[in-house]
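Structure incoming, see below.
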Amino acid sequence: MSHLSIRDLDVRHGLLQAVRGVSFDLAKGEVLALVGANGAGKTTLLRSIAGAHLPASGRVLLDDEDLAAVPSHKRIAKGIALVPEGRRLFSQMTVEENLLLGKSCGRKGEWSIDRVLDAFPNLKPRRHAKTGHLSGGEQQATAIGRALMSNPDILLLDEVSLGLSPLVVDRVYAQLQALLTSGTTIVLVEQDLARAMSVASRVICMLEGRIVLDRPAAAVTREHVTQAYFGLHRASGERSAS
Amino acid sequence: QSGDTLKVGFISPRTGPLGGFGETDGYVLDLARKALANGLQAGGKSWKVEILDQDTQSDPSRAGQLAKELINNQAIDLMLAVSTPETINPVADACEAAGIPCLSTVMPWEAWYFGRGAKPGAPSPFKWTYHFGFGVEEFHKAYVSQWSLIETNKKVGVMYPNDADGNAIRAHLAPALAKSGFTIVDPGAYETGTTDFSAQIALFRQEGVEIFNSFPIPPDFAAFWRQAAQQGLTQQIKICQVAKTGLFPSDIEALGDLGLNIGSAAYWHKAFPYKSTLTGVSGTELADGYETASGKQWTQQLGASLALLDAGFDALKASDDVKSKEAVAKAISTLKTTTIAGKVDFTSGPVANVSAGPIIGTQWVKAEGSKFPLDYVVTENATDPNVPVGAKLTAYNG
Amino acid sequence: MINTLLQGILLGGYYAVIACGLSFMFSVMRIINLAHGSLAVAAAYGLWLLAAKAGIPPFAGLLIVLPVMAVIGWLLQRFILERSARGGTLLPILTTFGLSIVIDNLLFEQFGADTRSLAPFIGNLSYASWQLPGHIFVGKLAVLMMVTAILILGGLQFFLSRFALGRAIRATAEDPDTAGLVGIDARGVNAVATAITMVTTGIAGAFLGMRATFSPYAGGPQLLFAFEAAVIGGAGSLWGTLAGGIVLGLAQSLGAQLHPQGFLIGGHAVFLLVLFIRLSRSRLPVLDKVGALLKPSALLNLRARLRSPT
Amino acid sequence: MRRETQNRPGEAFLSAKGIHKRFGALVVLDDLDFSMGDGEAVGIVGPNGAGKTTLLSVLAGAYPPSAGSITFDGTEVTSRTAAERCRSGLVRTHQIPKPFSGMTTFENVFVAASHGSATSRDEAYERVVDSLSLCGMLGVANRQADTLGLLDRKRLELARALATQPRLLLLDEIGGGLTDGEASELVETILELRRRGIGIIWIEHIVHILLQVAERLICMDAGRIIADGEPKTVMSDAEVVKAYLGGTPT
Amino acid sequence: MTPNTSFASNGISIERWTKSSRLALASMAAVLALLILAPAVLGAGAIDRMTALFIYVILAAMWNALAGFGGLVSVGQQLFFGLGAYFTIRLADAGLDPFVSVFAAAIVTGALSIPLSLFMLRLKGGEFAIGMWVMAELAHLLVNLDRLIQGETGTSLISLNVYDSSMRRATIYWLALTAMAALLGALFILMRSRAGAAMQAIRDNEEAATSVGVRVTATKRLLFVLAAFGIAVAGGLWLATATTFQPKTYFSVQWTAYMIFMVLVGGIGKFEGAILGAILFFVIETFFGAAGVWYLIGLGATALIFSLYLPRGLWGEVERRFDFQLLPVGYRLKLPGPTKIQWKE
């Protein structure tokens, strides 16, 4: 049984159709790397899974339950957490308060402030600083920490490593690895292909709102993906039938 | 059709913060319209009369606009304006500008005359606008008479705001009172909207004043007087004489026990012995009629508004040609009549365009056997001896 | 002099009560609520109605009026503010301006222009006082208002910074969409916040009615003082509003000492001065310290620092 | 098209001496010295929170340093506003993009072109079209800026900066989130700017992109410069590896 | 007014005018020209009302410029309205012709707003809004201290009484018309100029605007002073029509409330919006003003309903639905053919 499944999803921004007929299924514990050029629709797709943007048509199913009528704050209670593009922290509030807000949905689990601060030690001295004053990387770390605080089953990460220094990127990926062992499903938007494929079990490449490549990570090479970026795969019918 | 119709504009504040003044106008206008139902006899001819009443919503800008609208679009023959400088001055200015005769009442005439740019000693700059009613001199007479009814140290604490009435009173009344033997303790003008009066109260306490006099708007007075009670000032006050606040029963009721025995001054009282020239009703008939019709307590505004209508229509009747603006203005300037609120005489006013009217000392006392909590009694009659004194002044702290 | 200072401080308590709900909306929810005064006056009318017609004294009346205000707040948020707040910071100004006109005139339509007061229904509380040595009188009502201000503002500040719901309110105010993404029911939280605001507004209405008189259009004049207190207090700090109220009250009392017309002028001038000093801190180092002291959150930081070991 | 440089040979084009920056008790830049020549391309790396963005802001004049002085092209600019520095050719992009959200992309860049340096209106148009096309944004020229995605916003930052006709461009993480192809196009663009003689200071965590452009690399940590020099040398510096790269030197 | 600048090299052009907008401008000019003749044909009442309308248009346009284009939301613009009227009275009392006084007073007010801007423009957001309100109150209290004004009593511009009433009415009408046309024109040219673009940039993000070389304070000041001047003209004209000067009336926050109403109902940030809003307000006032309390309730309800259901205002909605502008201040890039989003050309 698939954990999360997306059926014929269409999402619009006004007249512009950003996601067109996207379908895929994710099993529990899968790690999906979502790649695609600038403007391909990745962010839009993640936001509509998290309930921040309503699709024009199509469905999002969690354990076969249709989420159409479930608002975003209830989706996170069901275990879907998003690290949004551009961090979207509460800039007037401190790091600690932002992290505590991640607990709003009331899901039990092992993540706590201390654990997040252990995972991102550079946040420790900034614990009581307003996030509006943080450096770019510190903000990104807080955003990831905030999502983890909700102990999600499905973690959607938009541009995970953006703004993080290599050392911290290593740490983030180490954390992801740890999450995997606890069975968390992860959707990862990441431009660093090598990085992404080192953890991903599956790769989906989007182009102009459509899926143009969907394969197990093991079966895909850098060339495949690079070609997919430019639409060269469209003709060869690479879309998986799953 | 306008050939045999007279149009009279009537502008007053019926809604907004000054709505208390206009509250009774509906009733008064009804009376007037009934009296005019068969037309008005003037210049040997019967005229149909249309009174066009307008509400300023307490907004002076709107008052001016309404006046223009009546002048320009309704072609009125005479303008009547009543209650407060905010209403009257803009209307009078609009009439002066357009050359329409305008008669008004209920505000100190000094604020009307000097407040509109006339200079003391210089000839009147106004050709079309006329005002009747109380002025500082009447207050002076009434106060001296009222304050002599009770033994005091003659020290008067005054609180005059920086507004129309306050400034006119400070400039003219205070010196006159001093001349009559009272010591004036004046901490200076205050701005309306002030919410704390500790400084003034401390001064009054220190000076040991026994008479208090003020021209405040109700919220300012309520704040002041409660604070005065709080800080022990009220216990030393024998006469609390307020104007403006205290015109209407609700202002005093809102003060609770502190409101009892507050002295006031009335430009009309139901005890006035005159009859309306327009409607024929007497003071008591007017007050009782209103109470029956509305279920509310009578107010002094009833008589004042009716007096304005009386005087206005008397002037029309007296003019050679009601359709000539000049003739009507001339008729007003020579008007001599007695309205429900007393004598109106423009031939002998303190300045041109003005006829001075009475203001009578009164007091708010606990009512006996009435459905209203307060009774309003006449305590002196210096400015119009025809008005019977109804009760003896009681000391405030007595 | 001592008397002046004391009265000024107590007056500050009144301003703080009046400003509380406004400050909450202004600094927490980022809504400039021009209807604040009108809503307070409406609450005062509610209490007056209960007292004059049903014989329920105002303090007992609060038990009825405050829940009603909470419900009104909840409805207000659901049907009006939520929609308009989505359109940016300007739109709520228009909305609440419209609302205040509607409320004022409906009150007029209902109650007429008569001046009312709650004071007659609370015995002599409105003017009772304690006498201190040196001919200093301390009004009981003023003390009550000061205590209430401290309790409400302190309580709210504590609630906002220490409780999950408080944090959720602040987060929602800053970014409702993202609040949804972290699991906050933005609508619900905002409705609760507005309900709380309206309860404080109801209390403000009660004191307004007890201290002086009110009429349907009495809300406006109080509004500016409330805004001044909130702004002097600084955004995001409710304790600051108390400080702001006191600064304003003191400035007015001292202004009145200098010149009889100085009461209002003094308040306004000090308001501008505080803003100026706050602004100049970055430029003129001398003023730096003064400004830091004037910023009420400094007090708060100090407390926080004292409490937390780090 | 490039403006004349006034500086004499041997003198640094941009130099910052003894820069301190504190936010309350937090010391972010600690007695930092930095200088560079005209037309140079300098990369800056360093762990998160090292103070890179703050350095850039101080150089560009977004806020004054707590202590220290900055000279640009032979003139002391420490007390000049950001706008004045921009008009003299020193302009920055923002790490977290700050578009003029109520205006179109074109208008965003037009503001920069017409205020960043004195020109006629036609010349400004010319420059807007030039920088839009250089950044590949002609297609979204009439879109309102708040509908742009994150990457387009970053490009907009670059296009806006370019339109002011800079002599020294301060770039803050404009390479994050790019696909390989997009990244190499970005590198091409930057190299083109270099060919036009524009100096570059570029903060970037995607080190391999940075290395394609930078001739000199600086690594910062905790408000200080811990390494400065030839990129390869800096990247293999032990301290840099420890503080920044975390044991995986590239 | 160079309509289209073409980039001959690759067929790219920048469009600032459309056919409909040229037509709109031409017809506006024609309407203004016709309005000059109105006193010859229309009755006194109509002329007075139209004068009021012109003053409303000035008020709305000025507030819109400040808030809609410059992001400076003020609740204290009555400051300038009051000062404009006050200085008119003062100058007329000193013997200047009352009509000349109106404009001289506006210049004085505009000049005063320069030092004021040094302080006020450093305030941000809500603090600026409330700060301006406090400024207005303070100015009101200070004006009250002037002996000539006699506190809240005020005084009247009686030197106008020397003019015959119809002559006086027509003169004020023409002055108001001219002032409106000139101020709208100045504003339109300003908004289409580079300074106009800079103002909008400041509105959207001040820090970014500085970093691309915009002189933030100077630009804001330009707008601030223009708005002060324009509103002072309106205040002086209003005084000329009303004669009575009572400080409370002129320094009333209600004036700003009306400005906000007109602008938001018409469409904030849209040049046409302010004009439309003023007309709408005028129409409502003219037809329903007599309804007293219910008029006011209706006015409040209109504000409420617009803010909830037409948050872009009337003109904003028109623009969105039909995608056209009559008096465009923006820029549109025209490309030769369909272009794909590319990183580089």
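By letter and in written order, the chains are A, B, C, D and E; residue numbering begins at 1 in each of them.
Following the convention adopted for this analysis, contacts are C-beta pairs under 8 Å (C-beta built on N, C-alpha and C of every residue); 3 or more make two chains touch, one makes a residue touch a chain.
As the structure is a computational prediction, the values presented were derived from the model and not from experiment.
Chains that count as touching both chain A and chain E, per the definition above, are C, D. Counting hops only between chains that touch, chain A reaches chain D in a minimum of 1.
With each centre defined as the average position of its C-alpha atoms, the distance from chain A to chain B rounds to 76 Å. With centres set at the average Cα position, the gap from chain A to chain C is 43 Å.
Distance between chain centres (mean CA atoms), chain D to chain E: 40 Å. The residues of chain A that reach two or more other chains are 39, listed in rising order.
Counting partner chains per residue, chain D has residues 182 touching two or more of them. Shared contact sites, meaning residues of chain B that touch two or more other chains, fall at 15, 162, 189, 191. Here chain E touches chain D in the complex through residues 2, 5, 7, 12, 14, 194, 197-198, 200-201, 203-205, 207-216, 269, 330-333, 335, 339-345, going by the rule given at the top.
Within the complex formed with chain E, the residues of chain C that make contact are 26, 32, 34, 80, 83-84, 86-87, 89-95, 97-102, 104-106, 108-109, 220, 224, 227-228, 231, 235, 261, 264-265, 268-269, 271-272, 275-276, 279. Only residues 67, 73, 75, 119, 122-123, 125-127, 129-131, 133-135, 137-138, 141-142, 144-145, 253, 257, 260-261, 264-265, 268, 293-294, 296-297, 299-308, 311 of chain E touch chain C when the two sit together in their complex.
Across the complex, chain E is touched by residues 60-62, 81-83, 86-87, 91-92, 94, 98-104, 106-108, 110-112, 114-117, 121-122, 124-126, 129, 132-142, 145, 160-161, 163-164, 182, 185-186, 188-189 of chain D.
Only residues 23, 26, 45-50, 52-54, 95-96, 147, 149-152, 173, 176-183, 205-207, 243-246, 248 of chain D touch chain A when the two sit together in their complex.
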